[in-house]
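After this come two complexes, each holding chain A, first together with chain B and then together with chain C.
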Partner chain A sequence: MTALNGILKDRVLLIFLTSLVLTVFVPDLFGSYWAIVALNLMMWVSLTQSWTLFSGMTGYISLGHVVFYGIGAYVVASTFKVLPLWVSIPLGGVVAGVLALLVAIPVLRVRGPYFVILTFGLAELVKYIVLNVETSIGKSSRLLFGAPTIETLLYIMIGLAVIATLMTKLVSQSRFGRGLSAIRDDEITAETVGVPVVKYKITAFTLSAVIPGMVGGVIALKSTYFEVLQVFNPVISFTVVTMAIIGGSGDVRGPFMGAAFLLLLSELFWATIPQIYMILVGLFLIVFVVFAPNGIAAILWPARSRDSQ
Partner chain B sequence: MDLLLSPQLLFSALVLGSTYALVALGLNLVYGTMRLLNIAHGDLIMVGAYAAFWFFTLSGLSPIIGLPLIALICAGLGLILYFAIFRHQLENVHPVERIEANSLLLFFAVSVIVQNVVALSFSGSPRAYRHLDEVYYLLGVSMTGNRIAALVVAVTLLSAVVLFLNRSHYGLSISALIQNKTAAKIVGINVSKIQILSFTIGFAIAGVAGALISMTEQISPFMGFPFTIVAFVVIILGGLGNIKGGIAAGLLLGFVEIYVVVLTSANFRSILIYGLFVGVLLLRPQGLFGKTRAS
Partner chain C sequence: MSDILSVHKVESGYGEVGVLHGMDLQCRTSKVTALVGSNGAGKSTLMRTIAGLLPNTKGSIHFDGEVIDKLPSHARVEKGLIMVPEGRLVFSDLTVADNLRTGSVNVRAREHWQSTITEVYDLFPRLYERQRQLAGSLSGGEQQMLALGRGLMGLPKMLLLDEPTLGLAPAIAKQIFKVMPALVERGISIFLAEQDLYRTLEIADYAFVVENGKIIMHDTGKVLKNDPKITNAYLGDSKS
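This part shows the complex of A and B:
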């Protein structure tokens, strides 16, 4: 509970969360185009925030974050009109969490570059298994008629972004979070001084899967159809990693800055020359990895992000 | 059973396997000597394929004759990237895990940039050209000229690289660096020079592989990614940094893929590739032929 008190006293965090919540007024003030932009922003904030919960803190870079998002979307799409949404969206989160828990034990034994490519390979494997299952039952894509309005989905997504931010903040300030940072700095030393390394890694990995599971479900409803190759697209994982690196994962505002920055670039260029947008993303990623590995957050708020490291 | 022993399948598997071995060889050199995870590897193959396409379309130059030129283009690209980005990483970033993680992100950026520069310059639509596509019959096997050429070039290049690594001074230095960087430094190997050499050779081989692939398959700016995956599957099967293991694993993957697709259906190709990938990483991360190596 001390962690919760800490959150209430943390003025920066409260201001940040309030501004996230204020996004609910976007549809009324700016119309439906910006409501979709806001929905996308909240989606990327949630995904990136949840990615930093595991990968940012432990230094185990996961390139397979999309698998949880895709599974969540699959749960919502395949139970659409069977289960009510207030059951199926959280169920997507639970299923994603269970999937993470199941694969965590073997996957987390693997370290370094092996871990990175393993997460990627695993996400692709799940994608092709789901694809084959869908093809064999004759559903190449599913239409979701009668999904909630964009406004409703935006409110849910804001909720998810707030929860994801709070979760990451709570974890980073707890004993658990310090254990995770110790793993990032030196796993063997962490184990030697008594950090329950395996338990912590599995818990963080599982926690980080729940939010993307729910986000995936909401996004399936937003696009009103479900197509396997789209919701399991590895580009989503890469975008999340890019946002986390550019924004910085040492500060809860980092993922927001990264998501906002890439969305801004995309608003400026995607509609006209998408290739220019991609080239710029690549260039910015190089610049940040080489010159500012702690991201925008560390440039804007240097002292704070050093504290929370 | 007849089907499985058919020389036609054997030939297909041999062509595919030797291409895979070549595709993975460049990646293995770059990872083995520098611990750089080049996920832009497939995009270099794409660059090689486009170079071959344009040489052939604009001047009628056969990709086979143009191979040195194509290799040179990719090697040049490698040199630029090495001096612009990666030299700084290799010299200033510690520990080695950090280099691996950074290199992955940097190469991802390079991959995105290369793909989109090519898409912007030559449009995203797939292209193809016809060259050496006359059919020959040999021992009851029908084969097109371009596949025979691809097989011959791949096998020649693979043997040449193995000979180079085992016999020449530079090759032995590269092998030493793969085995143990610190020890290589101690015995007087100029590490940064050898790293530049492996980097450019790795890129050049990727270009050659791309040129060979362009003779038989459609090319597009986004064709590279599946080859990156295949290359990673192969070098993990063979053991990261294990050059001969990688070549054996490339051939093996070619055979397994052809036979599994024939026995089941083409839908299972991706499940097979990723299943093998995940399975080997989980069960034998040191590779099928690998010894556990000191890091």
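This part shows the complex of A and C:
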């Protein structure tokens, strides 16, 4: 197991994972408000890490990742009290993965802006299909009574953030990950040196959907209700992309930095000056894209970010 | 002597647009076979179809005694059919040495990369000098050498060279052409698509002339070179 050895020797990764795990103490130390903040942070870390696994490595920018999150939420909400949560949450991940696998085959045929638009459109399509199904069976929204406590959900979410980080790290260091980077640098060249591009793209896309599926399920439990337009909200996709860009996706800590930065921003301004908040986010996005395209991680840890690209 | 590659009634194109309309040609083992023709005649399309980057809608492709046209591109690389794409596509953020290593990711070549890379450096001393430099900082000619070297790293039985001298200074183009006989000596078969008619026919054992997605003439390089129909009327000026 050379991959495992590599991880045990990777001090930065171990410290990072440990600090994720240490958030289990947040509820006890700082109370329930900060527990929710920690839960949100872990959610964005999980989503952004997963997004990075596919879009960061291949350069195929998915603007529809919310669809996996939404479908996972739907699985958990519609099987609530029917299936135990330890079945339904993973099932959400599996269903999201299967959905990704099914759409990957047609969607990954297009590149560049067409891919971006197609993923966005696809997420909207699924959103309205689910909405119509729900309406036709007479459910405008579902209340989830008796969901686990915030603490429990936080622990699950920390687990998902750790798994998402490990997955992304393992993939980026493997032959498979190198192949994905080759696709990003030049897909035709990658193909001519013998990278199985189609297989790699489909696998990465599927892998990157599984964690968001489970995250969606946990978040539905957190809000204790399920409302289609909310869990399939495209703003979630945009936020993930923004976090990945601001944080930087060349370093495992990048997605965390991006998520933490935006959350901090929203904690500071969302309640007091909500009109300014989105403007600020937009400004930061522009500033980062222009001046620091590799994100916060590349500014803080320049050498390492380059290594892992 | 046997044919390493044979293309039989192949049709291919992009989406609804057909480019190749029943291509027929054969390449001899350990020889240079050339494909000449004007811009838009279908040279690159044929190269890409043989390499598996484009599917053929009709016809068949045999390589080294096997039908390969249903195989994905990476499986063709494993079999030793390696394309060096047009336009010097190198990974510009990787060093020269790393670029070369990417060429040997296929299972057959992987173990031998160290001995292969020395051979490549022998063929292209310039690459040896620049091995630690980023590929993006190389000149056009050096990038083409790198792309060619990367193709060799995959231990090809046959190299598909798509316009290897496109946009290069004549002196550098000459160097690229000079390497080809050395490759053939090592037993590699070469299928070369080129616009530089004179030099191509000079070096080619056999050549096919393509026009509008069809082979319109074929003969030995020597015969075609002296064919007035080719040199004057069809492909225009060929003084270079």
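In this text, the second predicted complex is superposed on the first by the 309 of 309 C-alpha atoms of A that agree within 3 Å, B and C clash if a C-alpha of one lies under 4 Å from a C-alpha of the other, contacts with A are read in each partner's own complex, and residues count from 1 in each chain.
We adopt the following convention: a contact is a pair of C-beta atoms (placed from the backbone, for glycine too) under 8 Å apart; a residue touches a chain by one contact, two chains touch by 3 or more.
None of these values were measured; they are calculated from a predicted model.
In the superposed model, A:Tyr128 lies in contact with chain B only, and not with chain C. In the superposed pair of complexes, A:Met157 makes contact with neither chain B nor chain C. By the touch criterion defined above, A:Ile245 lies against chain B but remains apart from chain C after alignment on the C-alpha atoms of chain A. In the superposition on chain A, A:Leu285 contacts chain B only, with no contact to chain C. Of the two partner chains placed by superposition, only chain C is touched by A:Thr192; chain B is not.
By the touch criterion defined above, A:Ala182 lies against chain C but remains apart from chain B after alignment on the C-alpha atoms of chain A. Which of chain B and chain C touches more residues of chain A: that partner is B.
Shared-chain residue A:Val171: touches no atom of chain B or chain C. Chain A makes touch with chain B in their complex at residues 59, 61, 106-107, 109-110, 112-114, 116-118, 121-122, 124-125, 128-129, 132, 135, 238, 241-242, 245, 273, 275-276, 278-279, 281-283, 285-286, 289-290, 293.
Of all residues in chain C, only 51-53, 72-74, 77-78, 82-85, 89-94, 102-103, 105-106, 150-151, 154 touch chain A in the complex they form. Within the complex formed with chain C, the residues of chain A that make contact are 175, 178-179, 182, 185-186, 188-189, 191-199, 309. Touching chain A in their complex are the following residues of chain B: 31, 35, 37, 85, 88-89, 97, 100-102, 104-106, 108-113, 115-117, 119-120, 229, 232, 236, 240, 267-268, 270-271, 274-275, 277-278, 281-282, 285.
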